[in-house]
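Next, two complexes with subunit A in common: one pairs it with subunit B, the other with subunit C.
Presenting the complex of A and B:
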């Protein structure tokens, strides 16, 4: 045998662990960073941990996560334990076959589990709807709900489903180790089967049950994919919340919450391993030891004297369970609620609290990733939102498909403050369905230290002198829009020749290696870090990049002379929204000048509220004690003459949309 | 002996095509020490489990005190069991193991659940620990006890409930030889002291003979013979019983007349009567009933092929006309010496021919047979390794 090289081996192991743990280590370090940069160390601080506990969206999703994990663990542990006992009583061949079946869900890709569970629930809801309609039709004593949606309950069921195999996996070996005759012995000594279970089987397999429960709990907390597919639109776990928070940039807050998540999962794993090691040692030594407190307690509980205590505990647990379920289902029924779906980092969360305090209406605030994601969610019927905030072109599409409800403007007095410029826009010509939320422009962002002269034209995007330094926006509409503008065409053209010409422009530049890559959210890291020279992106995001740019980076924003796209995101209410009245209150609240000022300050996108637009510089000065740079404010809220040069996206006919998709796919990655 | 307590009437136990018990008829008297004896897979443990209530027979009746109890669950039977490998509760200490049964409220005559007071539990457990010589061990965890001590706990745990019948499933199987002998005496003592019925399952014939009032020899799901230990040993009913109980040379013979049997064309005096003239029979000759004499003085002549020193005696294998016998004698005969033998009439036992004829009693492959006897597996243990049938019916 070849002698191994100990030093080489150690270095290899060291590198492996470095590779595994360095990213996590960095994340933990940066969660303590004083600044809000995730690249530059600005000193130690706990501010992000403090911020975490004041972030209601995070706290809410933490609560959801803990609740679903605990409930799923409890249910799966009970079900899995009994299933394991059932399996154990089968013949060896059948048991082994079933154990293999049990293993499959654990090895199966989460995404398959998630999608299939989602499909299953939706199919069930469909069937249920039909049944409930029929049932409500034939009798009037009980009114069954017709429309069921994905939500906490479905996510809980999914968690229970994927946790059960882990419990079985942990309990089965303990049953195998257990002397079969123990149950016989207990029955022989006067126990019924149930008594034998409590007094003999349970204490014997308890270590397996506890580690099964711990693993189930860890898996539940850890899960993202399956939750994502089964939680529906109005429930978010912590992992889902973190994901939506990273849409734009990884904030230190995300670092902090990820650190906490990592540490708690680590703690659970360590706990489990320590337990196992202790058990092994105990088995080795067969030591005479004092029973632990828990064991004493369980002994006492299993004695006849503990019967009432035990019954009490069982009853209390059952009551607790019922209460929790009732709270989850009933609370929503009794307390007025409004389900809002917006974008990540798109609201000053203080506003939600203020609204709730003022009106007593609970806001269930969720976020979608993109207009397209929102659209498919709505189409799948998995969403039960009241208010959504889609962009202009998506609004037209939803309107065309009859998915929006008209608004009752008499109940939205704050609509009066919406600037004339943002009323009766092409997507809603008579302004019957929408109240604008924010607006902005799409322009060129460039690093002044990396370009010779200030670019004035979209042509810079295809210019060989910036080869390797241009970031192409990974969104066919925006990318082709810029090319169309550069060629002097409308962004809304349906002329195939023009579109193909625009595409050829992009494809040519791509072949010549002008583009560094196709990006969306990575644009922040790349531009802030000075890794790219030019990009196409939104004005509001430019402003937040500006706050985070590294030393030696000088980011500027320009609306090219050919003009640009400008966009409006507006609040709409979905057809048959379950909480129409509450939705009106929410829209009115968000349309207020006060709310618009707060939001403008928070998200750096311009407000459509005329008063807010006028008051913002003063508001800024009061808040930060310094003057708002008028040039920056012009970028944020483009003046009328700039806006005149800009064009809004209209919804494209299906054939054109298909062409866009086809061309975009051709471009490849 | 006293009155009948348990009766199995035409009990059949089958799993699909496989018949595990084939029309068992058996009664057990009160305060009797009865042993079910047989090789692995003979049905003895199944019989015990039927009496214990863990199985109910496919056909036939189980009567207890004249009442049919086929479907009465174990916890409602006044029967307790000592399990093969004790089945002590590992999470409880000695005291709590013994107290286990007492802590379960039992229905009294009127169906009301009654609890035994803590004081009574304490008293009864301590009494029972004294009976099994485990005073002072009450606080020990059972995992810290030796095999013999665990065995005693198992017995105490069963007996503390004052059962009418104690079932013991190979209780000494896991103990070493010395301990086994001690425990045999102890069990016998306890049975007599407590005056209860013991039904004992074993594959060890010595154990069965030493302890039992009645021995039930089983094989292939059938009862082969029921009788006192002396009956079983001296008057085996067929070649199986003769072979299974002690060592036997089983030879084909022909009954020439009452009291005259012919072996190897030689006539021997015997005490057996009642066979047809010239009926072919199996003849059992116990190894210790053969006297070695001078070659010329013997009724049969043979050559010694092997000698093994066993302490009290020599195991001498002698070849008679190509048929090897085992003879146990204190006389040493060297290998290859020619010897003669004499058998007294009471050393010869004649049996009717049976399905087992010709299968046993030849010592041609002596050493292998010895090994085979030593490593007979306890009954239930083959459950895991064997086919799915076992897994299917073991609870």
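Presenting the complex of A and C:
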């Protein structure tokens, strides 16, 4: 091809690279920002790097990402190479048929692969559960685990499954190019088959294997969707961690980790380039090229003594693999663990450390986005939680479906401090399953500098004058609840007409572009930064926002005149929870007055612990040296006259729930 | 050599059956059944498919946005690959490395960086604020609104009043979603096209020139047809992830630009648990994508499928 390029061509290439790298560059710049803003520069600092190394969640997910990518690449490369060799010794017709199947994971959208594997694993677990129960019943020598869940293993299997086709795709052309008589010749000359493989086939197809491995690794490390559907709740890759963070508050620690990742990859590439350029120069000078590591290895392996080296190497690799697996499982098995799932920004994380130090039990703390999302997660078999903190109506629903375990109150002495008002509530009339965690109201949050007049009604959510500035709450119950209240209906109505009318109100506003988006914990960043004018959210979270609001933002909270919802979130234990004893300890610890005070101060939700609720103003004064604003305390712990105007959600009958789901899916279509 | 090592393929055949075929069969089973809301028992039904008309707009939006993103990727990717192939080998190697590099940072990180750029209070809007673009808009726009109102008065139409803006709405728009797709999947377009163009036989071009073809003609009749396999695989590699994305539309579309991926995610791990409908939508999407690809590959029939790298 002609080797001249118009100047315009170079500029175009330059602009494309600018487009590719500018966002990454900004990401890196803001990792050195002193403030926690990703838009305003507040001076140079390394605080986010320091914070990163103390952030267990991010570091763990980084480790998981690297581990799963490396393991999957190694396994897929080995398996794919052998499969390719096997496929090429089949007849053409069979091979082509198999290659079509091989192409499926590459042609399919990631989400289809992810969803189908998720369904497959869950179906397998169900079958396994039945089998294990039967097997444990007929003999008592070996105890098989009955409840399997998605986790690291399933994610690894999924990664291997989508990596192998890429390896085959890269190895296959090399096999096709290889002279088939070579192997026969080698064997005629006295090679055993194994020798022929190591000495003849492997060197021939090596470039294909290397590029296959490279692509497999790239695909693994870039993957989000397939991991998301197959990793379950307790394992999470960096991408999954970031995705869940984007639904809450993203801290610049993410920028820091991106920068580190980027720089290490960049360093690798530069090294590789330098090496290649050196090799090229040497080749230019027609010197003998130093064999690369891979070549040295294969030469070594094919020498006569290589047989033993080879066996030793295979054994060492097998041992290494076993050790890694043992370490992985051992590390988790040796220490008692409790898996907790709660909401975002819903605990003083100091409490986790205190609990771990006091009891030696490791807390695996996860968050879900909403009650409905938690339910989906539980149903799709992805969750191996012990303790969950759902809201009232979801508790009833889980109880109805037999998904909760009764609590052993003799081991939760701190239950005695729970206020009478929060015991035996409709969702758990005999109080056998729950210990309340917090309570509060759902109301309107608005930025007084962005609205003309203070809104007093839920109608503001659907008002065209705030077009593009309203945040719709991203769960069907709360969103439809507000609309029902605005129309003067009960939040617990089962009347299809009323529910459809409420939905029409939301859908109409959505079509007219009133909503900026559907959010849950993203609301923090949006409201605090002045990116939106009005939102529906919980009282406690409003108070948290006050601490972080940017200049020129004046957030207010109001319980609309139509009334609102008040809720209780309570700790429950899932049926067959693997760590029941640890769960009891955790619940008891969290129910203590001390923990409730710390939590109240941190998350600003009212505590159901009578002592803590009463002591909080004094606690605040002692901590901050100033009096707690009584207005704020009223918002946090709504007084009786406010609660009277509020309605609690009750569990809806299955048909109504199905209607809610159906309508919710239609929103935004 | 024949049949001696055929058994090497055997474990992989079982593996494929387990992890490729059976999962899709299970998905199909889910798609053709539904759970009774009252009892939870599943029964066969076609309801998941017949009721899908409700989501037509989501299908249309997904395919439309993905098509746009693919087109933009092609319009940027083809010239870049073409000009890159003309540069020296050292430049080419560096450029390839630079194109691959962002892929080694997870695509969510890349999408996240766009979030902070496009927010209402984000970098771009602050830039516009500081250099006075927003003030300029607020000064100029009333004139156009007045103009519109004059026309509306005389020719009939709805008069509007001018509302000053404080920022340009970028996040939550279809444009932001397309931008996110282009940004993330552009390398998937460049790599296959480049790998085809760089291997083009120079003597073919010389022959065409010798036979009197000018530059445009050489491109139209020789280079472009020969790079078609690269284009086809690039288009596939951009279109398929774009049409099924849910993270990009979620982060940059703010949940307003619901796409097929969001719809599916909502049914499995989101706020409206119904794996049967989710599986049905996945099936339909899979079939449409496969049909599109078969039709497209029909154009490039006889050509060797371009392999990435």
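As a convention for this text, the second predicted complex is superposed on the first by the 346 of 669 C-alpha atoms of A that agree within 3 Å, B and C clash if a C-alpha of one lies under 4 Å from a C-alpha of the other, contacts with A are read in each partner's own complex, and residues count from 1 in each chain.
What we mean here is this: contacts are C-beta pairs under 8 Å (C-beta built on N, C-alpha and C of every residue); 3 or more make two chains touch, one makes a residue touch a chain.
Since we're looking at a predicted model, the values are computed, not measured.
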Partner chain in contact with A:269 - subunit B first, subunit C second, else both or neither: second
Subunit B versus subunit C as contact partner of A:536, first or second or both or neither: neither
Which of subunit B and subunit C A:254 touches, first, second, both or neither: second
Partner chain in contact with A:89 - subunit B first, subunit C second, else both or neither: both
Touching partner for A:229 - first (subunit B), second (subunit C), both, neither: second
Subunit B versus subunit C as contact partner of A:184, first or second or both or neither: both
Greater residue coverage of subunit A in the superposed arrangement, subunit B or subunit C: C
Partner chain(s) touched by A:195 [first = subunit B, second = subunit C, both, neither]: first
Which of subunit B and subunit C A:396 touches, first, second, both or neither: neither
Touching partner for A:149 - first (subunit B), second (subunit C), both, neither: neither
Subunit B and subunit C footprints on subunit A, overlapping residues: 89-91, 180, 183-184
Residue ranges of subunit A touching subunit B (in the complex, touch as defined): 89-95, 179-192, 195, 199-200, 203-204, 286, 288-289, 295, 299, 303-304
Subunit A - residues contacting subunit C, complex: 1-6, 9-10, 12-13, 16-17, 19-21, 23-24, 26-27, 30, 38-40, 65, 79, 82-83, 85-87, 89-91, 98, 101-102, 104-105, 107-113, 115-120, 123, 157-158, 161, 164, 169-170, 173, 180, 183-184, 193, 211, 214-215, 218, 221-222, 224-225, 228-229, 237-239, 242-243, 246, 250, 254, 258, 261-262, 265-266, 269, 272-273, 276-277, 369-370, 372-373, 375-377, 379-380, 382, 401, 468, 474-476, 510, 515-519, 529-532, 550, 654-655, 657-658, 660-662, 664-666, 668-669
Of subunit B, residues touching subunit A in the complex: 52-54, 73-75, 79-81, 83-85, 87-92, 96, 100-101, 103-106, 115, 140-141, 143-144, 157-158, 161, 384, 388-389, 391-392, 394-395
Residues of subunit C touching subunit A in the complex: 1-13, 15-16, 19-24, 26-27, 30, 37-38, 40, 54-55, 57-58, 76, 79-80, 82-88, 90, 93-95, 97-110, 112-117, 119-123, 126, 169, 171-172, 183, 186-187, 197, 200, 202, 205, 236, 240-241, 243-244, 246-247, 251, 253-258, 261-275, 277-279, 282, 285-286, 289-290, 293, 307-309
